[in-house]
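Next come two complexes built around chain A: one with chain B, the other with chain C.
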Partner chain A sequence: MSRRRTLPAISALLLSACAGPQQSSLNSAGPQAGHTESLWWVFLGILSLILIAVLGVMLAALARRHPEFEPASPERTAAAADRTERRLTRAVAAATIATVAILFFLLVASVSTGKTIAGLASPGSGLTIEVTGNQWWWYVRYLDDNPQRIAVTANEIHIPVGRPVQIRGTSQDVIHSFWVPGLNGKRDLIPSHITTEWIQADRPGRLRGQCAEFCGLQHARMALWVVAEPESQFEAWLDRQRQPAVPPSDADTQAGYQVFMSHACVLCHNIAGTPAHGQFAPDLTHLAGRMTIAAGALPNNKGTLGGWILDPQSIKPGNHMATISLKPGELQPLLDYLGSLQ
Partner chain B sequence: MIPLVETSRELDEEQERRTLERAWRHPGGLVGWCSYTTHQAIGMRYIVTAFVFLLAGGVEALLMRLQLARPENGFLGPDRYNQIFTTHGSTMMFLFAVPMMEGMGIYLVPLMLGTRNVAFPRLNAFGYWMYLIGGLFLYWGVFTNTAPDVGWFAYPPLSGPQFGIGKRVDFWAQMITFTEISALCVATELIATILKMRAPGMSLNRIPLFCWAMLVQSFMVIFAMPAVMLASNIFLLTDRTVGTHFTNPAEGGDPLLYQHVFWFFGHPEVYIIFIPALGMVSSIVDTHTRRAIFGYPAMVLSMAATGFIGFGLWVHHMFATGLPQIGEAYFTAASMMIAITSGVQIFCWLATMWSGRIRMTAAMHFVFGFVAIFVLGGLTGVMLASIPIDLQVHDTFFVVAHFHYVLIGGALFPLFGAFHHWFPKFTGRMIGETAGKATFWLLFLGFNLTFFPMHILGLKGMTRRIYTYQPEMGWGPANLLASIGAFVILCGGLLFLSNVIRSRRHGAPAGADPWASGTLEWAADSPPANYNFVYLPVVPGRYPLWTDPKQRGLVTGVRADRREVLVTTIMDAAPHHRYPLPGPSIWPLLTAAGVSAGLIWAVYQFSGYYPAIALGTAGLIGWFWPRTPAGDER
Partner chain C sequence: MCSRCRDGIAGIAILLAASFGCRREQRNLRPEPTGQAMFTPLKVSNPSSGIAYEISEGQRLYTWYNCSGCHANGGGGIGPPLIKTSWIYGGEPAKLFESVAKGRPNGMPAWGDRIPEYQIWQIVAYVRSLNQQEPSSATPKRLDTIETNPQTIRAARARTGK
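This part shows the complex of A and B:
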């Protein structure tokens, strides 16, 4: 079982190159998350002051206690003097009014921030990405009025910097939740429902997201990456996604192509331009261009891909990828072929 | 000793006591032990059983913390982890927190009200047996790899027939049925007891705050529990066992319907747990600051308002499902309103402490810890009411931190305070104070070490219910800290247990009223006799034991040769009539066994509900077979 330990270790090393607070909600990369972050700091500031005030009063009450306690005279102390009661009534009433006022302010701040974020929706922008949750990966389609131009990918979303993007979410099986903290809050993906959310990135970069609604065995390893890039780069990327797969060009990839097409892979995976039309698993047409495999579980390289194909259950126990039995000498060409799917 | 007895009266107390002893004697033998119907016995059974489930839930928490202590840990696999976190949540909510609060209510309410038992003693016993069998049923599942693994909320379709494998979800859903039946029994009898069986003179404005809390909680149970039975038993179980389509979108059902109904219960559930705890805090604060609680009417109204508002904010668990904006603003406002009613109570306690003479007992330590932790948890709750913030931190460890601050701070700390406060009443011996204070510090420090870092983890994007995480996420150190804290909490729990075991045998004898307290439970013996009071007291004020002994009266003319209580009017508690309560009975156990057999059968085959109904009816026939009340023969 050494692979079980070494593979995550390798992935850690490789991913740490692009590591950082990519999944922090306090590291906003767009206006939606930015407004939320500002609201958070307002709430944190005001509510911290309240906490300090309450604890201060409590400790002061503790400090002014009578050191000499007389257990035998309950009647004398059972009710404090009237004057004290009146003072206390005023203090409690003032504290209550202050609470109401502060809460009202926070309510207004929260609702107006909500309205601002809702106002960032921009139906004319023309970019709508459909995200469908699956146990435990993300099916992604870039919608287009012309069905020929619809691009399909998985587990990785590219968006152009500075342009609002609509996420249309739904689910194929159980409830998932789409959440990229750097861009916006979460939106549940519910079977038979369509939920929408707008995201926008203000600067180029890579942001990590993760399924936020418990969805079964591999809820922990259902991540996705959002790559924000300049408009031209994005358009180039999207164009490439619309193309069918690169045909195998040399003997190795040709052999790998045969391995893929003659095994169970084709039953679940789709590679556009080939006879593989499976629809139950991530589209592999441009697999080699992605940062990760297995929904963010591993970085995408020959070694990890080989480990994943040979024994997916040790990396993501319970996932729906079948373990296929390859003959000796079949794995290398298969990896060559998959590696050529740019 | 009966401090309420005026020495000038010529009453043969010894004779009365002997007669009462005979009428309220427990039957012997195992069958007799299973026939107890006195509230002290049933209440203590609830408390002990719930404490055992607390330990079980705590062990599950430790296992989770071990798994999450470092990234990519291999201690637990995903399947085992999912079972453990689901069982942890379900245990703590359904098998520990609610039954524990109910047990404290069953034990203390009749004593505080100055009566001899709860209104429906056999129903009380039946409720306990249902709870016990339901809890054992869930843990039978745990030890046979049939523990639920879909979260304590069991959202379909994950929990539905297509994705919820085996019998795991059925075990969970049916366990809910057991505990809800039990909770409804307790709510019914506590409402009847509090409204109709108070000591003469205890008008509504003199009821101890703990009893008010139990009254509000009981009404909440009656309105909330049917909702979860609808969700878990009708929607989920029938979808799974007989193929209905309540939650199946393909046939016009809707998974969101389940969420609405579940949270219509699930949110009030939080208040069902912590409102009794607020009552405990009031009892501890007035005794240990040596003054009446400041702002009694404000406290009562706040608790009642919490009970109402608590039903109007379930949607804040569902903000991420994408509901219309106008409704969302309403639910934000309603969620924030809870902070007003909770704030008023905090202010009143602070005013009480400010003007009282604080006695820093172990119980009082827990009250201070409660204020500190609960206020922080309440303030993060205000953050969660804000939709933009909630959409970021929802289903992350921030929420885990929040509700542990509210529930451990708001319910467990008051409960531990209550254990230290009422231990002399329960056992007749004082609990070790030094060990009690040490317990407090271990729990307080361990708690904050465990749960404070989780706020930061949530903000850094760590989602809930994940069995592992990758090292490059940077969540390792805070998780390790939290895991260390969990073991500090364990030390606190073990110290408490050893303190209880030692003090039960070797503690200093307590006497009836060791704290010089004001409410009626301290007028009874420690531990209380089965009949609580030799003569039922008459109540001249909010704190009967703090009033002039010359003003205190007592009731005569209630028969001592049978289990008889005084029924009083709802508003003023004027004596209305005497009422004989039933004695020991084995029928509650037999009925519970019959109903349980059917309910467990129903997990495997839906038709099991028919024998459940038949056996339950048979039990009720035996239960209600006409008998002459004891003592009426002559």
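This part shows the complex of A and C:
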């Protein structure tokens, strides 16, 4: 491996230790993040060269002999000082010009990358996803001209590969920031304002995103997943999200349904096709199909879901889910019912 | 000791003493579960009273639990207004708590088995703050949704031409 490649390779390796490849600007999945990634490498390259040059000059200055400062006759010292003065003036002038030129080049590169990314908007692609930040989860709505075809979900966004998607972001409470590093830069979600951003994934896969604006106690556990999948698979997924919930089919899920409807769950959660119409907590209509619960805090399985329901405040202290008191024997059917919400 | 040093030391002492006033508001992150409020003995004083965070939580819950569905933003509708001077069942914190927890005739549902006790106290504090019965320093501002914002002001100016 040549030396020119070693440095970027080592820094990429070090950086990849910080975030998995699923949440990294250096592992771009689409054109928007691709431009950011190229810009990042340009910056890294130029700045590394500058660092090496500056260190080199400094080391050379330390190592070199300084004949001018050795004792000598006054005439010689004056002449030498003059020479040094001229040489230093030239060097400082050259360095200043180089600094201004390099900074200007980086500025132009950065602004033009921003413009290129902004120019990737493609109205008319037909897919607009509304993302609303909440303390501490993401409300997600797939908009459609036909209100019956609007799909609601939470903390997980599916997008078709190769199609530009518009994200319309806003917030329900405080300022959040939508950031999926593999797809695009950060976009703040501001209460009672709408901000837009375009994303596009060119290869199937799962990308992790995170709230990038401090938003309170559980800011760190406010993550989301973007699943990029082939068009047909995506359409099938979206069709399922549009359907009301699966009705309870056996005695266990029927009992769980009763537990859900008779407890405080219904005050905040919505399950389409049932009397649960709460609008302030994640929609549970197709909960079982999601990868995670509690906005990426835990994987979605029976054990974690049970733990979450019994004591949500131990997992995300301060979150808005109240602890509900379940009688012995109510949890299992409730988990069965929630697990059936495919 | 020089007089300037004495002044300096006194100043530092005053600052130190004053800094104890900045005691951080404690939040209980492990509050009690739902389903108890119906049966707990009534407290005379509201534990949420006077605490800005608690009252703003009450404001949030007022919307979340759809109190506004009947009482609107305090002006009343299907249910009686909550900004007023005379209360049918009493306006003291304990009476308000009872109204929320156990319900009242003619439509007020009992929330005691659904909402945890601490949240009822937060809602009670919020309702009292609507009537200026909480310190103004702890009273939250009106909801964003009913607050005028630059956009509505601009729209109104455009309409009236002023």
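Keep in mind that, in the parts below, the second predicted complex is superposed on the first by the 306 of 342 C-alpha atoms of A that agree within 3 Å, B and C clash if a C-alpha of one lies under 4 Å from a C-alpha of the other, contacts with A are read in each partner's own complex, and residues count from 1 in each chain.
Assume a contact is a pair of C-beta atoms (placed from the backbone, for glycine too) under 8 Å apart; a residue touches a chain by one contact, two chains touch by 3 or more.
Everything quoted here is computed from the prediction, not taken from an experiment.
Enquirer: Based on the superposition on chain A, does the combination of chain B and chain C result in a clash or a fit?
Expert: clash
Enquirer: Tell me which partner A:Q342 touches in the superposition: chain B (first), chain C (second), both or neither.
Expert: Neither: A:Q342 stays clear of chain B and chain C.
Enquirer: Between chain B (first) and chain C (second), which does A:P317 come into contact with in this model arrangement: first, second, both, or neither?
Expert: In the superposed model, A:P317 contacts both chain B and chain C.
Enquirer: Which of the two partners, first being chain B and second being chain C, lies in contact with A:Q243: first, second, both, or neither?
Expert: In the superposition, A:Q243 touches no partner, neither chain B nor chain C.
Enquirer: For A:S112, is the partner it touches chain B (first), chain C (second), both, or none of the two (neither)?
Expert: A:S112: touches no partner chain.
Enquirer: So in the superposed three-chain picture, is A:S325 touching just chain B, just chain C, both, or none of them (first/second/both/neither)?
Expert: In the superposition, A:S325 touches chain C alone.
Enquirer: Taking the superposition as given, does A:V100 touch the first partner, chain B, the second, chain C, both, or neither?
Expert: first
Enquirer: Check the residue A:S192 against both partner chains and state whether it touches chain B (first), chain C (second), both, or neither.
Expert: Both partners, chain B and chain C.
Enquirer: A:H263 contacts which: chain B (first), chain C (second), both, neither?
Expert: So A:H263 only meets chain C here.
Enquirer: If you lay the two complexes on top of each other, which residues of chain A touch chain B in one and chain C in the other?
Expert: 173, 191-192, 317-318
Enquirer: Flag every residue of chain A that touches chain C in the complex, lowest number first.
Expert: Its residues touching chain C are 173, 191-192, 263-264, 267-268, 278, 280, 313-314, 317-318, 320, 322-325.
Enquirer: In the complex of these two chains, what residues of chain A are touching chain B?
Expert: 4-5, 8, 11-12, 15-16, 19, 21, 23-26, 33, 35-36, 39-40, 43-44, 47, 50-51, 54-55, 57-58, 60-62, 64-66, 69, 71-72, 74-75, 77-80, 84-85, 88-89, 91-92, 95-96, 99-100, 103, 106-107, 109-111, 113-115, 117-118, 135, 173-175, 177, 179, 181, 184-188, 190-193, 195-197, 208, 210-221, 317-318
Enquirer: Can you name the residues of chain C that touch chain A in the complex?
Expert: 27, 29-36, 60, 63-65, 114-116, 119, 144-145, 149
Enquirer: Inside the complex, what are the residues of chain B that reach chain A?
Expert: Residues in contact with chain A: 71-72, 74, 77-79, 82, 150-151, 155, 157-158, 162-163, 249-250, 254-256, 290-292, 294-295, 298, 320-322, 325, 328-329, 332-333, 336-337, 339-340, 343-344, 346-348, 350-351, 353-360, 368, 371-372, 375-376, 379-380, 382-383, 385-396, 459-461, 463-474, 516, 518, 543, 545-548.
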